[in-house]
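Look at the two complexes coming up: subunit A is in both, with subunit B in one and subunit C in the other.
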Partner chain A sequence: MPPSIIEMSAEELKQAGNKFFQNGDWLSADKKYSQAIAIDSTNYTLFTNRALVRMKLLRYDDVIDDCTSAINLNRDAMKGYYMAAQALIQLSRPSEALGYAHTAYQLAVAQNSKSATDVANVVLEAKKQRWRKQERNRIDRDNSMLKQMKELVKRDSERKILDLREQQWDSPSGERDLESEIAVIREDARVQMDELENVFARADPQRYKPREVPDYLMDSISFSIMTDPVVTKNGHSYDRPVIMDHLRRSNTDPLTREPLSVSDLRPNLALKQVCAEFLEENAGWAVDY
Partner chain B sequence: MFAQKRLGKELSNIHKSLPPGISIASASDFSNWKMDIQVLDTNPLYADQIYRLNFKFSGSYPIEAPEVTFIKEDGRDIPMHPHIYSNGVICLDLLGTNWSPVQNVESVCMSIQSMLTSNTKNERPPGDETFVRSGYRSPRNINFVYDDNTV
Partner chain C sequence: MSAVKRITKELAEFSNNPVPGVSAGLASEGDVFKWNVILTGPQGSPYSGGVFTLNLTLPTEYPFKPPTLNFTTKIYHPNVSNDDKGSMCLGILRSESWKPSCKISQVLEMAAGLLKEPNVDDAVETSIADEFKNSPDSFEKTAREWTRKYAK
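Up next, the complex of A and B:
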């Protein structure tokens, strides 16, 4: 006889859930974690484990609930903040995601977690999504203004054509080629609209900026834009999660091969500010650059 | 991790320009690339020869070094060198203990190119036959002794 649920402890149920999870049986894993939580609702790892399963099941609202429970039980539950950020990105709520992602990143660095690079990527992903939302709003707004002006040009040309037809009606003259005069008016209107579009495009610096990330903002190991640059003893800057990855393998400066440890790293605040400002303006494409 | 993104960028740089004597033979994915190198001066050991390097990248590249070996393919031979075994395994500290993640495919090719250029000895490493017979293919499993810095 298998042990009944009552006889199984929360820890045993968690282990059973982990086993189902490893085998890809998300539904059974979810059930076991839920049973475990029913017995012991004070263990935050039960909530982060269930959040991970529910992420697989695409139940993002439930992921956020579980992450919130985990964070309330343990303020340092890095995974709670991390998965909440991921779920919020899935729900297209980038500003909230960014808040959780920042906290997750700080905890990951403080805990020297191997996930720090992945967490940093979620920060970037949230920034990218937020930028895209803002950019879409901006284009919609600009386009409505352009649309109004084009409407004016169109109405003006229609009025001219109408006037012309009325003149023709009042004093018919076989000499005039009405259709070709109307064609000229239409052509003029088309040229004016093209010009309007050009002016709007030229007045939009975003569309004309070269889409390149300057080398000094790029990490020379990951080849991606930095979010948390730190400087080594020789003055070269790297992105913190990337250089921490390297230092876990070898306590050496990548360029000079001199001894280097995490405690030697200092934040490069000025460069961090420049990177942040660059991302503020360009996250939509710079994250994947 | 960032292996794919970094290799993608390395590849687009490689397609733009490469130093003389180094060219790309194939790179259809982010786990295995082949590079051709040749020695440009008149070193009689390597004159008019093209050699092929096989790069294997793990998901942890560039934190982990790539696995780099010479391979026999398309008529390319294994170059004669006191640090290169006849099965293509290269004994180079840069690819092992002295790997640094700021190195890249191009810089590794250049190091190996200059290792050949400066060599004058027409010989294999000591114990080549035993080494090759032992069947080691993966340089990562070997603890080389980098005792000779003159070649």
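Up next, the complex of A and C:
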């Protein structure tokens, strides 16, 4: 190791890492942050910075490790929770991601962070992924049940055909048209199986439910479903990150232009509950609606 | 990113529920921030029989910042700047009075309404506004002439 590096402080190494990061040199940035951590393992921003680089390098397990270290050093490290949630989504672990995303969102709101909207989107992304997973499981379950029942119908018809052939063998009679009787049995089985498929399709609520998010769950600025609705003095509800974005630019009510500040906002708990329940059942498509 | 989502929705909503006398669509596929708008001159107004094209431009910060409307067809109107920009000055489009819950279709409705009835109290061309108030016949004559000359 050249002496100059030994003399560099953790802060200097961090700055060097930041420079590599800005230039898109992820590998060198990762190296600098690691050297900085080797000197000073108590600075949580070194871990969040390295987590961001490792996100770029698609090393999601390492991202989660660094985020955990950052959170252990600083319970309010919003970025740590935020990036952990993103990495967990990449690893298709939506339920774990959701826990981190919720905490990140609460911290972002408390810190009046500009990232609140992005964090809220990660919450939705995790919900969407979780919904899709559950939906896939449900379809697989339904499909295996349908398969089993179709198998029963098939076996039943085969048994009937076998009986018929045995009867014919025991007491042959030229009168009976064996082949056409068998054809009838097969046709009955086919109709039964079609009917089964129809019944299962009708039992699938997703097929028959209209895919629409009701207006009262939609934020009237972002036109997206709300996750954290707050109510203004005139009784209108908006999604918290969206109206905070607006209030950062103009301290006015978005509808009446009367003076309005963040401290005037009150959570709309009942509406929040309705939105959460709606997402629980429909997140797979409602997030992008 | 959230701007694109909202604008895309507004475009779909507008196609399903168009404003009478207004047609609008993207100027080019893939760029939701620029719309082409066509207003037809309302019956009984000096703009009757004319077809006016406008550019609607949405800022990247939409809907937190207002859209801008510019006539590309020359028009003699108190609320449209008589220059190469043809800016339409609507009260609701000023950044100090813009409301983020206001939709593009409401903006276009307002624009169409202004052709029917100019708003002289909120005029950008004060001399045309004065003429409109004090000698409506002469205003109508010029407006009609310009419509025939530029908007047909």
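Criterion: the second predicted complex is superposed on the first by the 267 of 289 C-alpha atoms of A that agree within 3 Å, B and C clash if a C-alpha of one lies under 4 Å from a C-alpha of the other, contacts with A are read in each partner's own complex, and residues count from 1 in each chain.
Throughout what follows, contacts are C-beta pairs under 8 Å (C-beta built on N, C-alpha and C of every residue); 3 or more make two chains touch, one makes a residue touch a chain.
Keep in mind it's a predicted model, so treat the numbers as computed, not measured.
> Following the superposition defined at the top, how do subunit B and subunit C come out on subunit A, clash or fit?
Overlaying the two complexes on subunit A (C-alpha atoms) leaves subunit C and subunit B clashing.
> Just to be sure I read the superposition right, which of the two partners does A:Thr117 touch: subunit B = first, subunit C = second, or both, or neither?
both
> Can A:Asp245 be said to touch subunit B (first), subunit C (second), both, or neither?
both
> One more residue to check, A:Arg257. First (subunit B), second (subunit C), both or neither?
both
> Please indicate which partner A:Ser222 is in contact with in the superposed arrangement: first for subunit B, second for subunit C, both, or neither.
A:Ser222 contacts both subunit B and subunit C.
> Do subunit B and subunit C land on any of the same subunit A residues, and which?
117, 220-224, 242, 245-246, 249-250, 254-255, 257
> Spell out the residues on subunit B that touch subunit A in their complex, using ranges where they run on.
Of all residues in subunit B, those touching subunit A are 1-2, 5-6, 9-10, 62-64, 98-102.
> Which of the residues in subunit A end up touching subunit B in this complex?
Interface residues on the subunit A side: 117, 220-224, 242, 245-246, 249-250, 252, 254-255, 257.
> If we count contacts the way the header does, which residues on subunit A are in touch with subunit C in the complex?
Per the touch definition, subunit A meets subunit C at residues 117, 220-224, 242, 245-246, 249-250, 254-255, 257.
> In the complex, go through subunit C and note every residue touching subunit A.
Residue positions touching the partner: 2, 5-6, 9-10, 61, 63-65, 97, 99-101.
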